[in-house]
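Chain naming follows the written order as A, B, C and D, and within any one chain the residues start at number 1.
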Amino acid sequence: MVIVLKNNCDKNQLDRLTAWMREMNIEPHFTHGQNQTIMGLVGDTSKIDVDMLGALDIVESIKRVSEPYKQANRKFHPEDTVIELENGTKIGGGNLMVMAGPCSIESEEQLTEIAKSVKASGANVLRGGAFKPRTSPYAFQGMREDGLQLLVKVKEKIGIPVVTEIMDYEHLPLFENVDIIQVGARNMQNFELLKHLGRCDKPILLKRGLSNTLEELLMSAEYIMSEGNEKVILCERGIRTFETATRNTLDISAVPLLHQMTHLPVVIDPSHATGKASLVPSMALAAVVAGADGLIIEVHNNPQKALCDGAQSLTPEQFDDLAGRIEGAKQVAYR
Amino acid sequence: MVIVLKNNCDKNQLDRLTAWMREMNIEPHFTHGQNQTIMGLVGDTSKIDVDMLGALDIVESIKRVSEPYKQANRKFHPEDTVIELENGTKIGGGNLMVMAGPCSIESEEQLTEIAKSVKASGANVLRGGAFKPRTSPYAFQGMREDGLQLLVKVKEKIGIPVVTEIMDYEHLPLFENVDIIQVGARNMQNFELLKHLGRCDKPILLKRGLSNTLEELLMSAEYIMSEGNEKVILCERGIRTFETATRNTLDISAVPLLHQMTHLPVVIDPSHATGKASLVPSMALAAVVAGADGLIIEVHNNPQKALCDGAQSLTPEQFDDLAGRIEGAKQVAYR
Amino acid sequence: MVIVLKNNCDKNQLDRLTAWMREMNIEPHFTHGQNQTIMGLVGDTSKIDVDMLGALDIVESIKRVSEPYKQANRKFHPEDTVIELENGTKIGGGNLMVMAGPCSIESEEQLTEIAKSVKASGANVLRGGAFKPRTSPYAFQGMREDGLQLLVKVKEKIGIPVVTEIMDYEHLPLFENVDIIQVGARNMQNFELLKHLGRCDKPILLKRGLSNTLEELLMSAEYIMSEGNEKVILCERGIRTFETATRNTLDISAVPLLHQMTHLPVVIDPSHATGKASLVPSMALAAVVAGADGLIIEVHNNPQKALCDGAQSLTPEQFDDLAGRIEGAKQVAYR
Amino acid sequence: MVIVLKNNCDKNQLDRLTAWMREMNIEPHFTHGQNQTIMGLVGDTSKIDVDMLGALDIVESIKRVSEPYKQANRKFHPEDTVIELENGTKIGGGNLMVMAGPCSIESEEQLTEIAKSVKASGANVLRGGAFKPRTSPYAFQGMREDGLQLLVKVKEKIGIPVVTEIMDYEHLPLFENVDIIQVGARNMQNFELLKHLGRCDKPILLKRGLSNTLEELLMSAEYIMSEGNEKVILCERGIRTFETATRNTLDISAVPLLHQMTHLPVVIDPSHATGKASLVPSMALAAVVAGADGLIIEVHNNPQKALCDGAQSLTPEQFDDLAGRIEGAKQVAYR
């Protein structure tokens, strides 16, 4: 940690600061210049409260030199984490997981049909929303408990692991037969939820918030891991920018960067990121080539109303075409 | 609502869409051009699921013409909402509320001293954090239940209403003697929390998320109001931009704009927005002149460690100087 | 074009507006609702000054239904534009162009060595900066005229077309032997420069500004094209967001989206976008798979100072490895 | 300057780096820790090319400790710069300048009428656009030379200094009778233009780019100042964010922050920032209270077409009301 001190800082305050550091067994080293003094701290600086330090009269700025995330940090865990689902499906360490399914669970028929179809195309996890976070309280909030029951029923009928979103830790008992629990972007910093998920032993798919940095994403993973659950899968799903032609801006560079920062698997959600079905296949393949460990893709089928081709959902046929291209992309993936 | 249809859209699909609208008692009006067809919908379009509509093959884009927020909408409630606390303190409709106090509650002595001081300077609500949302699980998480008890004790001792943050609706019983319950920026779209707060009868101070639009803020207010609690106070606390010289960018234009959109009171938090004590007084006064109904300001005092002058906290002396200027600013406020 | 009128708009003003539209041979169609009136305009609305229209008392908002870009619009030019350089090298329509070279031209030896090396690896255009836009007036501004002369000399010696940046149209005569003229991100809306480039007949590599939308990028292309030069190559080079781990955020979704919007070739600059050499290969390959028509990559070699491995530059060896992978990525590209 | 070195950095490379620093008369100080080494540099580090340094194999990151702007820096010039126009009007150092007028010059009658009106209301500078930067090449580009001549004619007729935008340094001779030359947001980093303006002796109103940091704004001021022209007025006119309810987000905190960083005057443009006339008065007054040295406000009058009340322009009556409130706001301004 590097502390830049203000010009002409008060000698007494500096002595108190030095003494405070020594109390924590940290020996400061000084670099005195004409216009400034730099204080270098080495040792275990994780105990230092940066906010309190930054609040000091004599401190101009502080620069952390080591990362604030520990358990998620690749430096202390160089090998890729590989997470294995109950049926043996793996993610991470070169194992690509393809999650596909409808945004919202609507009925048993709908879910069964899509599940069969995406499994046949090669998806190895079924996604389907039961609890839906919606900007408006007047919008459909999902089938909730009933939707979860349908999801588990279809899982057993078709034989495919399932992933679905949790919005409230009170609902955790309902997720007993769910294989992967998703935390949505809006809840990435719902710390009470994260702590409770850290005490269960299921894989957690943690989505990056719309305006959160990668370091903040890792700090949220750290909330889960520090409670004992190391099975965290990170998900980039688009960030909020000024561009209005896409719903969000997909940050594919997050894939190689997160792979440098952490050992956790990284998946990409091109459906929510772009909000446009026509952009999903190229973004999915680009993510695989950039080294993504998985994809989560919306697939929808609504023949009875002929209301197909969702704004961001692929049809089963479009997904089948995409799935057929994934292996080829994997062959040229860069890691 | 205006629907722009794709070029050469399928006649059968268009008939189905028209029929669907009529089922909802909405009569579409068409404007046919050489290259496009525009469909105007009037009537109660709040029932229409825009996502489902946007998912149709034949739809190019949709433009909402009326606002999606209802209970918060000034159109349907032209008078300012005035919220009154138990002791008679009012906010809204020309009543300025000044909330001040420490970021974190540290001890009874600390809190008592600051409470006395800010009350003497003219603050009419004491703020103090007991449950602290922290990016890092390793950082101080607040005194939690003990902090809440201290806050209530000091409230009674000094005679000043209090505001503090809730992070989990399970903690609601602990907030019985709190006057205003704060929802932090990170929980602005924690919809389960909002719904529970909508079922209590305390004023809710709802902070805008770091990358949320004003419309989204109002939709979150709507979550609370639609459950029955109309006492919502909106708070702008800085948005995330590319600028790094301040912690966030304070959007003061949110004050007059929200006053056009909604009847709810609007307060400004210049401390968290800027992250710099030296910017707090000018931003606080600018907010008052722009018509803000309140301010929430960090004030800290830590004489025993001489670690005063927090990065974003004013000293009691600085706050006293600012408080003395607020009345003058109010005299020239524009509304 | 759709105009949403304000509630209770003045009848006289509405009549004047209607008359104004008819003067331009545009017949308005009205949809009257309880709370609003929508005015649909079809016909040639390109003559309408949207700013003036939006300034009317009775207008609440306006929605363009057709795109403001004409010559760049794929709707009116469905075939991909293919640009051919003097030596026969093509870009667009399935032809991938790989531009590589140093950020700044430093000496004949440096440039010659890098040119040989990247050509041997498979690059078909040499890049090299002579005029350098620098944030600071005190930073190295490039070798300017001397650098341009070196670039042309090396072009002829090695036999490879060259691309370099222009900052001032007064310098145009110096670019006579340059094959592609680059407009940097900071000059994307330097309209006087664009107009002059529209009057020359060289291919223009137009970089997207750091906070410009894709529509704005196309409007800047339109400035060049409307003066007669249709040889515009669009370049995405990262946009400015809140993320600080990369220099900018590379928006790869711009590739398929621009391909829908326009017939012009689209290239990606992963070096400037990420600012980190370690991210360049994966982002370059991802861009190719997403359908990019070209890449522009920084390659640097500085053995005498052993100051290799530039922050965002690849070494010749790293570039050679990447170049060897590009063909494989092209095989699985999605378009 | 602080350099953080990579773990286990190569001893030979470190020696070469140390030697390179000493060649520049900079003595490095080392802080060695278990996991990292920090190198503190004091002395005149302005000669160091940070890009080249950051490109070194052994360097993990660099932190500048001193600001890169020199002539604009308040540290080296503690007194406010006061700029005086030919007629004695001053800006800076407590002198408030109010610039008002139409976005575009349309005719002598229009400009004369507005000039009279705003002067009577208290404006001390007339603004009016002759060269208009427009996103679209098909939009009205301003009256150009003819507009400039009208502006100067009205200046002389009414007796009020004038400010107008330059887009091309070739046009400089036309600006001989203009009092303040404006550089628009899109040209903030048009460095060739800035250098030419640095060689004239007129005050330059430099607008912040839509996604530029305050440090970058000061570096652009530095381009002008380093060529000899110290009369630079900085202008905040809104930055680009995700919010869509306003055209841009006005960053009023830029006023007190720039006053800390620099001695140059700071003005606010609430018209372009918000894009809504209804927000202009409150934002203008808030800016004055925050310490702004000036305002630039759009005022328009178009009675013959009854097309008044421009989206972002005040009517002369609205401006008169605002002008009457400015003095009151100035009385409670915070500096």
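A few comments on the model shown:
Rule of thumb we're sticking to: a residue touches a chain if its C-beta (ideal position, glycine included) is under 8 Å from a C-beta of that chain, and two chains touch if they have at least 3 such contacts.
Every value quoted in this text rests on a predicted model; they were computed, and no experiment measured them.
Of all residue numbers used where subunit B meets subunit C, over half belong to both copies. The two sides are thus made of the same residues.
Each chain's centre was taken as the mean of its CA atoms, and the one lying most distant from subunit C is B. Each chain gets a centre from the mean of its Cα atoms; for subunit A and subunit C, those two points are 31 Å apart. Computed from the mean C-alpha positions, the centre of subunit A lies at a distance of 39 Å from the centre of subunit D. Averaged Cα coordinates give subunit A a centre that lies 26 Å from the centre of subunit B. Touching of two or more other chains is recorded for residues 211, 240-242, 244 of subunit D. Residues 2, 4, 29, 31-36, 38, 40-43, 63, 65-66, 211, 240-242, 244 of subunit B are the ones that touch subunit C when the two sit in their complex. Of all the residues in subunit D, the ones that touch subunit B in their complex are 211, 213-215, 239, 241-246, 249-253, 255-257, 260, 273-274, 276, 278-279, 281-283, 285-287, 289-291, 325, 328-329, 331-332, 334-335. Looking at the complex, you find that subunit D touches subunit C at residues 13, 16, 46, 49, 51-52, 54-57, 68, 70, 133-140, 167-168, 170, 186-187, 189-192, 195, 210-211, 216, 219, 222-223, 226, 240, 300, 305-311, 313.
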